[in-house]
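Please go over the structures that come below.
Below are two complexes that have chain A in common, paired first with chain B and then with chain C.
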Partner chain A sequence: MSETNGFEPKIVAYVCNWCTYLGADLAGTNRLEYPPNVRLIRLPCTGRIDFNLIVKAFEMSADAVLVSGCHPGDCHYTAGNYHARRRWMLFRPLLEALGFDLRRIHFTWISAAEGRKFQQVIAEITESARKLGPYRPYEANGESKWRPAGLPPPKRRSGDDASLRTTARELLAEGKAGVVIGRGERGPVLARKPEDADRLTWNGASKIALTAYLKRKEVRALGKPAIVAGPADLRALNVLEQESQIRREDIHVIAAEGPGAAPPDFSDLDALLQLEPGERMAYWAGEFDRCVKCYACRQACPLCYCERCIVDKNRPQAIDTSAHARGNFAWHITRAFHLAGRCVGCGACTRACPAGIDLRLLNQAAARAAERQFGYRAGADPKAEPLVGVYSLTDKEEFIG
Partner chain B sequence: MSRIITEAGLRELAEAWLRDGQAVAGPSEVKLGLIQYRPITAAARLLFDGFVHPANSIKEFFFPRHEPLYRYRLEGSRVVLEDCEPPAVKQLVFARPCDAAALPVLDHVFNWDCADEFYNRRREATTVVTLACSRYDDECFCTSVGLGPAAEQGADAVLFALGGGAFEVRPTTAKGDAAFADRTEESDRTATPFAGPPRRVALPRVEFDSPVWEDATLECLGCGACAYTCPTCHCFDIVDEGNAAGGMRAKNWDSCQFSLFTLHASGHNPRHAQPRRQRQRIYHKFHIYPEKFGPILCTGCGNCARQCPAGLGVLNVLKAIEASHAEHLPA
Partner chain C sequence: MARVGVFTCWCGENIARTVDVERVTEDVSRLPGVRCSVHYKYMCSDPGQALVRERIAADRLDRVVVASCSPHMHLKTFRRAVASAGLNPFLLEMANVREHCSWVHHNKEQATRKAVDLIRMSVERVKHNRPLDPIRVPVTRRALVIGGGVAGIQAALDIADAGYEVALVEREPSIGGKMAGLSETFPTLDCSQCILTPRMVEAGQHPRIKLYTYSEVEEVTGYVGNFEVTIRQKARYVDVEKCSGCGDCWNVCPLKKNPSEFDFGMGFRRSIYIPFPQAVPARPVIDKKTCAKLIRNGCGLCEKKCTRGAINFKDEDRLVKEEVGVVVVATGYRLYSIGKQQENGKLSGYGEYGYGQYKDVIDSLQFERLVSASGPTSGALKRPSDGKEPKTVVFISCVGSRDNAKGIPYCSKICCMYTAKHAMLYRHKVHDGEAHVFYMDIRAGGKGYEEFVRRAIEQDGAHYHRGRVSKITEENGKLVVRGADTLAGVPLTIEADLVVLAAAMRPAAGVETLAQKLNVGYDEFGWLLESHPKLRPVETNAAGVFICGACHAPKDIPESVAQASAAAGKVAVLFANEELSRDPEVARINEQTCAACYACRRACPYHAIEAAEVRSPKGAFVKNTARVNPGLCMGCGTCVAVCPSKSADLDGFSEQQVYAMVEALA
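Then we have the complex of A and B:
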């Protein structure tokens, strides 16, 4: 190792089997020297590189991470790298909002013929990581005094309660719906008998998204659901339809307004991004310190519908279940990224959190990237292709070396 | 005659503990509108008034959400085990009576088939000072479970607000006495008793096979907000975390409301639907636990209802059970 003041950065490189890995091989056979600080991990395709691996590398004391694959047009599987590129376009803003130092995360395209480029990239990354110094994951540098303004109170719905109750009562009495999912004075109401309809009101309390009930087995067993939907619920229904989770004709929708076309309010996110990355990380470290992993955020979310959540999978355990800093960061990063391009901004995660963590900000980081980079707003159009399911040849790649 | 202390005196007490390198915890405002029990580093952050109940419970200071039990690391071909110890410092915890009352209840389960050293040592090292309530909200139901706004169970000393920033101190244990030694003044002012919330429900007989479970709890979404903010819920999971070089075995909170809580390796789940998990929660609190240990597993703090995203909570389920019995009883 080269002579330095003792610090040698550890760099983890996730590389595609068909291009960059062969590029590294070529560098070796050509006797091109590069710093030994890099640990290469060969994967079939950049399209198969889970962002969790990037997080994991930092957790396991990497000082920088490189993800590298085939040049556009060169993918062994035709389009894996395009899919990867689109995901990174959403992942980077999320890490930025969390206060990660993006100078430690590198994306490159290196072909099998580019042994020299591989040599240069590794040399550059090693040098930059050496200058940045050792990385301590999720280390909060002091305490952040910053506080978001928070969610605005829910808007009043304009619907009329009497006609809502009549509609619900008729649907239940005539057997057209097995359950009417709505709001009551205390919280959500699952009306199953005609007389239950009297408990429904347009402006009842609910910390959750009513559409979250559509994923519940117990609720699905009741027969065709009718849902009293506000604008965010309508957007959630659109996403569920896009993702083939529901068929619209299987759900009776009672709505007084449309899904809403006003742009989301990103002012808290803007304020967060005004902070130095270190303070952003300190802010989140302080917030996540209160997270007890009750998963109210997940349960209250209409779009967290996985039968078995990744955090509950333990072969292997991708995310630590413990409610310590590492486990909490990994969990919230994962959840936010799984909602990238899908979150409809209903705010249920934030309202449901018993520890008052403003999780919405993380979802907004990805949502705004979706708006800015792709002109895409989740839930606006049920016929649109899901953002992360497709790619475009013109996706931006100015951050890819 | 009574012993009184001023609010400034209480803060001095907390400050003295902090100066000695001991830990202090109590209600503090973590952000606008959110009060939680938190470890504090400055006595000024302690709140004594202006709220009904913090959004969590004090169990965290005895039974943390995550507690390493031991660590391992590989040295060559040898596995080295390293014991973990709970912190050796003493703790001073300011609490509501309903939180403190959970401690003698929890003592049973943590000293039943084996003595949980982590819990017991924390318990020994902690002095709990409660402030008797002088207000309540719609979710409070301590008086329905045999407690009240000045319940002494689990407290080492009980404070009563006298108004004007003064508190009457009634130590109930030697630890409580020691904490307030030389810090109080003699006075002839004594606190006026406060009745607390009205009795909201008569503890109903809990029926296992009853349609009430589905009727009253279908709205439950299966998160752990109730269990994790409950002063008495104590289920935990043992997990191993680490890699080939080293790691730890830890005790983490768990909740019977999670669908995986009872999932068998075979794929069978005896509590396959949310109402069954709710039934377990209520049943455990009011039937299983008392049958095994005596006391019921609920202090009526109301956190389950305050924190439930779906507006449920123990009190509401109990009320529904009560109503369903009335329905089913012959006229």
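Then we have the complex of A and C:
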């Protein structure tokens, strides 16, 4: 007790109805005593257990969270646990990049027959949480002096502006496109008339990913769009196609010539991961402290196309909308996880952020996990099976007890 | 504001011993929204339930929390109780203060505080419960049985006899399955065909059974009570209606040397053929791979001979649709192919046994044909190589089975019995012959089974050797079987005339594809998965799909038949009502906010989510959306977790309910 100063952790366990909940019932039937710190929340299946629930539990003063379900092959719904496993494989690297102490999150498979395992797991988690001490919310993590090198300057494209303008002009003049979405000297250009085409240039500026315009109703209303696409835009189009958001035949693509997408540069992420977890958390706490929840990151992203963002859903309020540390962390975790296996690394979120937060680092954490664990690069192939919403029997689960 | 009643149970001493129930009741009564907090010795008893009902009326409660045992124990009980008080049963929550609290903690103070926490979570949750009504689904009272072996026939007959129509699909030209080719059956040695063929005829003539032979299930859509099945009727080149089964056609077919599938290659058939004389329907098919007319427009003798004009060389596959309410899968088994590298790469063969290399090394089904009175030798025991009567026969059991190295860890269950039967039948036919059996263990559990094996050994003089065979070679016209008798502790070499290998059972070819069409789970070997190994042995996780026979696991005829009747019984239960009432705790999609990314559709294990369109009242296209088919949804909630905008939600475990519980912890 001296080690823990009498601290009693609060533990939230999200468990599936058919295996772990019954395992806990069996522990009861067999009178297997364990510490009273755990509160079980029964859900039908681990497939139902979302990362938002884990985040929420910590916000609600949990010191550790357990997610537990049926062993592989035993899922009452055949595959819910496989889906869960796949999601946790991508979620954990993200938390790691945030400096979150992963020792506070536990995943186990506990069957209905494993009352004793349930007892042991709860005892172990409680003991480990006692040793870790109270969970400190994000904001209470001090400061970090670390800064990323930031986005590399945009590469100049070798394309010929004159022919780009000719193409766009012809498309508009012949009515083959209702709008040409491209970059101008001072920002994005939505050319609707042939004469507007002269404002287009290959090396223009846009903080917003051009493909993000495709999701806008007012842009869709202009007729068939043509888009001046760089390598990241092409990959974003592929993801949008994978996710049934666009049909390629509905969009005219004016693609840049020259080399395709460069391999992603993870050097900032590597440097971030060199820091101690506590300092990583402190870094993000400092960054997110500046976030004013303007959602420019969401608006600029080519792949944030939900009609109603989860943060705008208030029954229940999964993410605190206030621009304070708690809500900011929940928001940025959510945003980054929703891009796991989808982010094409265009950097629009980082460019768009008025507070100068390098948000792409979080996306990269999940993107690299996708590459390392699944050999998957988002947007490489419009016909590829997306990473989330599917599973493989061979998904690794060394982190699951 | 919700009016919540909390009913805390003592469970005798079970809860009250470690949880201060009175203090809990007191603390809970102060929670917001709680209008009534009472305790009782046994809440599940009649007076306890009456208490719940009384307080619902007296305090005008619209939400109820029962703090007692696990919901797996009494959720249904209390749902009925609140329903009888006029409250929607889904406005009830349980807090598990027994299994998850009083039984696992000893410190009364801590347990009491935890109990209050658990109840508080349930109180907050129940405030967000919505009244739900059972989902009613109309039922098409017609069954599809896939597989016309003994299990499928039994299931079809039972369902038909219960008064419902059945479509029976069999991919071979005749029903009958493996059993139709067996000689005699253990443990009674009654002739297999004598007991099966009358059932086949009955199935063929039953007014409520429609046979689809030489047909396969192409596609299955829909859900319990409302499946639409597309059946591919393979081109038979014979008009079943015109044909009388007279046999003129196959008697003139000059292509006599096609290995017979029914005889497992031990005999021959023509290119137009019925697989065996008792086939149902007794209508031939033309084998398009060997028929000279179909290959190169030659011959055509059968067409000329047929007086009824039943031969149709222009026949094509036909797709037929059947609407059914349930599907019974009875696709049976096949034998593991001993000699070869197995097709899925996971299994490996036994090259050392020379199967496929030596003509007189055969598998057990081939032996069945050899001793069957209707077999290629008319029951005379002649070995394949030279037609001589074998004087020494070695039977080897567990070829593949229980052999991790070959990739089959399971026991094929029936081989011990049929091997004893084979030894016995052999001795009955060749009185001066010797039957040797190599075995690992003898598993003869079953009525009359152990006695049967004893009989083979003691009365019929089969020599049983406990041990494995390491190699079989052919020397001077004899098969030299080298093995060991581990009980005697000696190596054993037997010069045999015939070797019979009891190959492991595997699920029928193609069953995985079928299972995927039906959304039925299967294990790594391809055996179909039951819903629960003890309590729901013939149901599957796909509602309305049942399994019976050896598609589920190796099993013998009595077990297959019993399971088939069980499946038929389940079908009859389902068909007893015109409507199905399903658990309403299913997912739904908020179509207004759905972005139609279809992550949910990819993730749904039941294919219960489909792409749909939102249309204005005038029919104009508004947007795409995902939509849940509540008839298919089983309520796992995987769609909720993958939905980025949380447009998917799960009734009974909704986002609001779950967040309310988490927030109650703060």
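Note that in this section the second predicted complex is superposed on the first by the 390 of 401 C-alpha atoms of A that agree within 3 Å, B and C clash if a C-alpha of one lies under 4 Å from a C-alpha of the other, contacts with A are read in each partner's own complex, and residues count from 1 in each chain.
Criterion: a residue touches a chain if its C-beta (ideal position, glycine included) is under 8 Å from a C-beta of that chain, and two chains touch if they have at least 3 such contacts.
From a predicted model like this one, the values you see are computed outputs, not experimental measurements.
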Checklist line | Clash-or-fit label for the pair chain B, chain C on chain A | finding: fit
Next item on the list: Determine, for the superposed model, which of the two partners chain B and chain C contacts more residues of chain A.
Entry: C
Next item on the list: Please indicate which partner A:Gly80 is in contact with in the superposed arrangement: first for chain B, second for chain C, both, or neither.
Entry: second
Note to self: Touch test for A:Ala355: chain B only (first), chain C only (second), both, or neither?
What the structure shows: first
Checklist line | Which superposed partner A:Ile310 touches (first chain B, second chain C, both, neither) | finding: second
Check: So, A:Lys293: does it touch chain B (first), chain C (second), both, or neither?
Finding: first
Next item on the list: Look at A:Arg169 in the shared chain and tell me whether it touches chain B only, chain C only, both, or neither; answer first, second, both or neither.
Entry: neither
Next item on the list: Check the residue A:Met60 against both partner chains and state whether it touches chain B (first), chain C (second), both, or neither.
Entry: both
Check: At the CA centre of chain A, how far apart in angle are the CA centres of chain B and chain C, to the nearest 10 degrees?
Finding: 150
Checklist line | Distance in angstrom between the closest Cα atoms of chain C and chain B, superposition on A | finding: 5
Check: Can you list the residues of chain A that touch chain B in one structure and chain C in the other?
Finding: 60, 308, 317
Check: Once bound in the complex, which stretches of chain A touch chain C?
Finding: 10, 12, 21-22, 24-25, 27-29, 31-34, 36, 39-45, 47-50, 53, 56-57, 60-62, 73, 76-80, 83-84, 87, 119, 243-245, 305-310, 313, 315-318, 338, 385-386, 388-390
Next item on the list: Give every residue of chain C touching chain A within the complex, in rising order.
Entry: 70-72, 96, 98-101, 103-107, 110-111, 113-114, 117-118, 121, 521, 523, 541, 585, 592-600, 602-603, 605-606, 611, 624, 634-638, 640-642, 644-647, 650, 652-653, 655-656, 658-663, 665-666
Check: Which residues of chain A touch chain B in the complex?
Finding: 60, 147, 150, 184, 186-190, 205-208, 212-213, 216-219, 290, 292-296, 298-300, 308, 312, 317, 320-324, 327, 348, 351-352, 354-356
Margin query: Using the touch definition from the top, list the residues of chain B that touch chain A in their complex.
Written below: 30-34, 36, 55-56, 65-66, 214, 218-219, 221-225, 227-229, 237, 239, 241, 243, 250, 252-253, 255, 258, 260, 272-275, 307-312, 316
